[in-house]
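Note sheet for the following structure.
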Amino acid sequence: MFKQIFSITLMNILSIPSRWSTSSVIIVGIGGVVAVLVAIFSMAVGLNKVFENSVDENRTIMVRSGANDEMSSNLHIDDANLVASRTFFETVAPELYCVANVPKKATGYPANIVVRGVTDASFDLRPELRILEGNRFTLGKNELIVGRKAQQEFDGLEIGDRVTIREVTWTVVGYFEADGSAIESELWAGLTSVQSAFRFEGGISVVRARVQHGMDIKSIRTSLDDDPRLSLAIQTEADWYERQASTGTLVIRIFGWVITIIMSIGAIFAALNTMYSAIASRKYEIATLRAIGFGGFPVVVSVMVEALLLAVLGGLLGAGIAYVAFNGFTVSTLNTSSFSQIAFDFAVTPELIGLGLVVSLVLGLIGGLFPAIRSATLPVTNALRGE
Amino acid sequence: MNIFSFILKSLFRHKLRVTLTIFSLTTAFVLFILLRSVAVVFEAGWSGLDESRMQTTSKYSMIQMLPLSYGSQIAATDGVNSVTHASWFGGSFVEGDTNVATFAVDPDTYFQVYNDYEVAPDQLEKFQSMRTAALAPSSLLERYGWEIGQQIPCISTIFPRSNDEPWTFELVGTYAGQNSNTDGFLAFLFNYKYLHETYDLGSVGWYVFSIDDPERSTEIAQAVDSKFANSFDETSTMTESEGAREFMSQWGDISLMVTGILSAVFFTMVLLTMNTMIQSYRERIPEFAVLKTLGFSNTKVACFMIFEGLLLSGLSALLGIAFGVIVTSGAQEMFGNLVFMYLELETIIWGAVIATVLGLFVGIIPAIGANRLRIVDALHAR
Amino acid sequence: MALIALQQVGKTYRRRGKGQPSIEVLKDINLTVRKQEFIALMGPSGSGKTTLLNLIGGLDFATSGTVNVNEIALNTYSGKALARWRADTIGFVFQFYNLLPVLTAEQNVALPLMLTKLGSRDRKQHAQNALDVVGLLDRAKHTPAKLSGGQQQRVAIARAIVADPEILVCDEPTGDLDRGTAEEILSLLQILNRDHNKTILMVTHDPKAAEYAQRVVYLDKGSLVSTAESTNENTDTT
């Protein structure tokens, strides 16, 4: 039995090159599906990564209770001082989140960009933030540093450039990166400078803090809620970002699946075509094998193996194209919570390539099954006579 | 038998193969209709935006508010008709469902500026006289199962009330745009006075005004913006369609992405279809020789192949566009709260144009082959 | 008067690639065919029979000499005009029938009429008449796959005569048929020759088939070797 399967399958596979043009149909069809699938999903993965990267589990964010995002949260610097007096926090960083308008390179239209007013504590809190070029702004001066992605996406943010935001002129003094996270799309400046430029003296948006190791977020929450002077909601950064990312990536994922499913239907028809013509061109051969005593099952297996082999070739081709064309490709979109731009890189991860190959196998399986069954049930005598 | 049925018969010589090919090409057209319906929204090319309507927003950020006092100054600008204002409220009616636009508007002037919106006079009167009144497009009533007269609780992330209490509006009626397709873009409107009094607010989100002469829009925009230049709240004025385009462009080049995806899809499907056509041509080489022997000219025989390609692509387009329309309406139902879609006639026309070009394209190689075929060689090629 | 006149006709095929010798398939052929003649072309494989037939049928051009039909040299026609001329003047019958498998017998027969100005009803009528002549009117709606070899060849003959051409060109019309069926087809050709005034040129291997012709022309290695009146009593001329 296994010997039969092996010999027929081998014979099949060796004959693929002679049927190259029909075989290529299945490869191209499935390759196309996988390329589109991987490309779209690499977008969702990339967008997610922006919000996931290097999040320290002890990092928390506090916003005014009821606020869903940093933009709509407004607090006072006194709140930060009250928070800092609590012993369970290590580093407490008040941050003011404002939005400015800078022309985008791609469209020429001004688009919103986040300006974050920070103190040294914000740098301490984010060890992943590294100055790439230039240096940090000097507190008290109208200087700012630019995230790597903001610099790529927006015009006029080179070191030494002057940017006018709200009648105040700022000088770009450095670039920074932060493991590809969301803050790479931002401009950072001194808290007090931002407060006065945006006329929010004393105002802040959020307080970020690292809790002491081993502290339970629930008990901290209760403790903060009990303080009548504070109206804060605390959560871990991980939870916070998960909510921020969800809508955008959900939309991309839904569309990714809708497109994949529709395209897959097309590819299945193409695969059926390939495999039906493959067995049609081997009709005599199959009938001859059957006539000299080979069973139907080895023939089915051989057709299935051929279909799956071609499908995987297509899957690899598609995933390869998606990887070469899109991995690391940067785009930016609107962060609906703040109406500001957020840039991210397409990320073709091994998991995605795996997903692409699984899809290609499923398509190959469906595309090969019906022709395989037909090949095995073909009446031998008719096929030999060429009917 | 006429030429058409002859070509139809020739095309369906291998029924299974051609049917499978048509189905796979069909999916390309389904995706075309679906994805273009998403892309047109981001291109802000949908109808219903009036060139004679302009908007004034904060120069710095769309979500930055403007002083309430700007209204009368805009109204005093030469060429400006009526002025109204609206404010983004960030309301949601169901926990987590933030994808519905909620605007606090001036009830007395809003429908003067948006004079193409339809609202029943008695409902408008209620809207203007009641502090807590609200109007909604009928699509929202369907979505949430509201009825007119109902009290509607609403949570705002921008204007929260103390103790996280919801705001409560009374739905006094519905309004509609000229084009029912754009209903999904209409906002939930409520009386600005309610927000103003509760929050003691001295500012509004943006101003909208109508102008007499759309030709003068650039000049008027400059006139308005110059009034507020060098103040803390500088403005940016443009026509509503420009504004929509600018806002939509911030989502990124969705249009380009859609074009990219569709190119990949069509590229794949064209290769597959061409393969079928060439395969079918090769098998029929002796038949083409017979046709030529019988006196069909080279051009005629080539035309048969071209028409077969057109027919194949045309049938796929017909099926694909029909399914595409169904899938798009279905997607609108299912994901309407996440993504806007707008199916326009132009998309369907473009589908037909693509089908024609594609049909010519897949037929061209076999047609050239059939044209050049030498009878003497081909007749015995069996 | 000569309907077909070949004068010093030669046909040479150039082989692909440099330095390859070209092949002379026909050389110096002189042949005259009168109206309403029934001629059999015989000779061993590769003697140039089919090539000669192709030249007369306007499927190919001679490399030297002239092929005149109705006193017009075929090489003066453009490709398009020649196609037109074939449709009007020549009916073709092939060894393997060459019917289009997707069409019914009637539609196959009507195919050449699509090149005429006839309306669809007239085309149908003409096709049925032609099928009647070959005795297959009752099989009009059948596709070739449902017909026997002899029946398919009759349909092919009906297709050849439907546009009422002057000349029938038949390439081994009985080559794929058994003896009995072959005789039926040959009798049919004879009737067409005698009663419908068709001039017939037929390539054949089979001396028995050649007996149905009035004259037999022998070819060998591209040259005409002899021409003889048929001896068969079937072939009494009218």
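Labels for the chains are A, B and C, by order of writing; each one numbers its residues from 1.
The criterion applied here is as follows: contacts are C-beta pairs under 8 Å (C-beta built on N, C-alpha and C of every residue); 3 or more make two chains touch, one makes a residue touch a chain.
Source: prediction; values computed, not measured.
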Pair sharing more residue contacts (C-beta pairs) when B-C is set against A-B: A-B
Chain at the geometric heart of the assembly (C-alpha centres): B
Rounded Å distance between subunit A and subunit C, as computed from the means of their C-alpha atoms: 71
Between subunit C and subunit B, distance of the C-alpha-averaged centres to the nearest whole Å: 63
Between subunit A and subunit B, centroid-to-centroid distance (C-alpha), Å: 25
Residue ranges of subunit B in contact with subunit C within the complex: 1-3, 6, 9-10, 12-13, 286-287, 290-299, 375-376, 379, 382
In the complex, subunit B residues that touch subunit A: 16-17, 20-21, 23-28, 30-31, 34-35, 38, 59-64, 90, 98-99, 157-158, 160, 164, 230, 232, 246, 249-253, 257, 260-261, 264-265, 267-269, 271-272, 275-276, 278-279, 327, 331, 335, 338-339
Complex contact set, residues of subunit A against subunit B: 21-22, 24-25, 28-29, 31-33, 35-36, 39-40, 65-69, 71-72, 99-101, 104, 106-107, 109, 111-112, 165-167, 199, 247, 250-251, 254-255, 258-259, 262-263, 265-270, 272-273, 276-277, 331-334, 336, 338-339, 341
Subunit B partner contacts - residues on subunit C that touch it in the complex: 54, 57, 59-60, 79-80, 83-88, 92, 94, 96, 98, 100-103, 107, 110-112, 114-115, 120, 123, 159
